[in-house]
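Pasting in a structure now, in structure tokens, and then I'll have a few things to ask.
Chain lettering (A, B and C) follows the sequence in which the chains are written, and residue indices restart at 1 in each chain.
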Amino acid sequence: MPSVEKSGADPMIAFDGVEKRFGDNVVLSELSFTVAPGEHVCLIGPSGSGKTTILRLLMTLEKCDAGTITVGGTSLSHMEKNGKLVPADEKHVRDVRKRIGMVFQQFNLFPNMTVRGNLVEAPTRVLGLSKDEADARAKELLDLVGLGDRIDSHPTQLSGGQQQRVAIARALAMRPDVLLLDEVTSALDPELVAGVLKLLSDIGSSTDITFLCVTHEMGFARDFSDRVMMFDGGRVIEDAAPEKLFTAPEHERTQAFLHAVVDR
Amino acid sequence: MNVWDWNFAGQIIPALLNGLRITLIATVLGSLIAFVLGLVLAILGRGPRPVRIVVRAIVEFIRSTPLLVQVYFLFFVLPAFGVVLPALTVGVLALGVHYATYTSEVYRAGIDAVPRGQWEAATALSLPRTRVWTGVVLPQAIPRVLPALGNYVISMFKETPLLIGIGVLDIVGQVREVGGQSFRYVEAYTLAGLLFLLLSYPASLAVRRLERRRAVR
Amino acid sequence: MDNLGTFLSVLSQGLPFTIIATVAGILLTIVLSFVAGLALMSSSKTVRVISRIYVEGLRGTSEVVQLFWIFFALPVLVGFQIVPIWAGILVLGLNHGAYGAEIVRGAVQSVPRAQVEGAIALSMTPAQRMRRVILPQAVVEMLPSFNNLFIQLLKSTALLSFVSINEITRQAQQVLVPRFNPQAFQIFLLLLVMYLIMSLVITAIMRTLERVAAARVGRKPSARSRSQATGAGIA
């Protein structure tokens, strides 16, 4: 699905002139880009270039210092009230969040709940599903990620790869429109990486979820994405289809980066 | 009758200060015993197995039972063995021994935090055992535990009033007498409480500052 | 030791008071610890300041003074006397709740930030995050310190003998010692053993809870013992 086809639709994700600082450290400046509905976009770039920060801004784990971010046309930072634009309140932010799922590098499963608990907690309490509905959904998703038999295990009894599959299922249980993935395989043992990436590819091709992934797996980025954005120093320095970016990168920073990554 | 009588409050002040003197004496002497005895217990606690077990049992027993009862125990039992001591002395002994069981745990944690390599290096130099303790281990362990020891001094300060059980006239003992004579308790106990707060709060702030400066464990 | 039976029966008469004061004191301590501990982290400055005043005020003044204040000063202010055992429980709970508040705060703050973020990413409300994710994990951290605190509270019940509550220390000191002075050694040893047994019971219960709680977060029972928790400065 090439991105050109989707350019007519309203974007699912839009960054407009976004700036993010940590103290004096300007991490993102004047950042603007859009992601179309159903599009798969990978973010690549050197360490510290601000890739995680972008995902955290989208998940409202961080607040931006300037500019606007919208998801499905709704602003993360502001809302309309009596015809006026006012700062978003907790409820508005939560409503936007419901459309976004996130999978973390370190999984962040809840150790005080079983696998089932992790999967049904938010659907019942946040989406208001009945116990049975949430349970059925949990089972279905665990089958999808290949862990149907581990529903009553504790997260700590699972391997890293299995924990990450549960984390992916947990995010999918919320039926998000957007899924954010932050280096989801970099905490895994090498032999477990391929399985998780395969799972993500399957999910990508069988759903119309919009994906924004940070990854150091260039093979995955090439196969999975419709578009790859190369980041450096808080800006997008190259934004192209994977076939183009990986074979004939325009920018020399991209060339250097790809060299360094491939040589590893 | 007014609830609060400033005149009377003023009259209590000398008694409060008299009591404070006793409270401070008990705290300082009790702390000295606790510091020294606690260290002895901590070092014995690393001794041969039988010693270790006995020391741990004694420490657990004392830590798990009320200081007040231990105070009574010494006060009523020592004379039976022909040892007659003034009440304040008995109180200091009881405070010191009771808190030694706390400080011994503090020292133990501090000693455990000294890296094994330090022991090994000292052994490699064939330093005598006592020198390993005094020259290598304790100089590293004790600075680390100072804040925790400080906290226990403050705790002890606030616990000295239970010595009124054996007739020691500390802050509370004094105001109880004065308040009892005139049936004015509000001023007496409020001022006593404020006096404790006035001394212990800044002290605990100081300990917290010390804590933040030294990374404890 | 021929009077052992008498000693035991006289001390036992005080046991209900000691046990009621301990159990009720612990319950009040738990409630106050959580209320004040969470209030210490409130987003409202007023709430934070009020809970800070409670915590520092009760930790900074002596427990004996608090006891006398509630027994002798408070009645003058409010115009009536509280039933002694209730007043005793109130002091025990208020005092130890102030220490417990810091335990709760410390444990909540020790839960990794990543857990909170995991919950945010699932759109949970702040209350849901606290109740369903943070507190269940924090409780595991709190239990060893609470074990210590509850034993401190048990030991503090002996202070109630100062205000004419006939708990076991008062039974020993006011009833037995005047009658059997030469046997003070046996009387107080027996009394100490009774306290020791009660604190062993508390520790046994808390250890069981620790095991259950550790299993619920999929951990082996924590290696942190009661004494190490004290070493960290809870007195």
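Some observations on this one:
In the analysis below, a residue touches a chain if its C-beta (ideal position, glycine included) is under 8 Å from a C-beta of that chain, and two chains touch if they have at least 3 such contacts.
Nothing here was measured: the structure is a model prediction, and the numbers come from that model.
Chain pair with the highest count of contacting C-beta pairs: B-C. Comparing each chain's Cα centroid with the centroid of every protein Cα atom identifies chain C as the most central.
Computed from the mean C-alpha positions, the centre of subunit A lies at a distance of 56 Å from the centre of subunit B. Work out the mean CA point of subunit A and of subunit C, and you get 46 Å between them. Taking each chain's centre as the average of its CA atoms, subunit B and subunit C sit 20 Å apart. By the touch criterion stated above, subunit B contacts subunit C in their complex at residues 3, 61, 63-70, 72-73, 76-77, 80, 102, 105-106, 108-109, 147-148, 151-152, 155, 158-162, 164-165, 171-172, 176, 179, 185-186, 188-190, 192-194, 196-197, 200-201, 204, 217.
Taken in their complex, subunit C has these residues touching subunit A: 114-115, 117-126, 128, 132-133, 136-137, 216-219.
Across the complex, subunit B is touched by residues 56-57, 59-66, 68-69, 72-73, 76-77, 151, 154-159, 161-162, 169, 172-173, 177, 181-182, 184-185, 188-189, 191-192, 195-196, 199-200, 227-228, 230-233, 235 of subunit C. Listing the residues of subunit A that touch subunit C in their complex gives 59-61, 90, 94, 97-98, 100-102, 104, 106, 108-112, 121-122, 125-126, 154-157, 170-171, 174.
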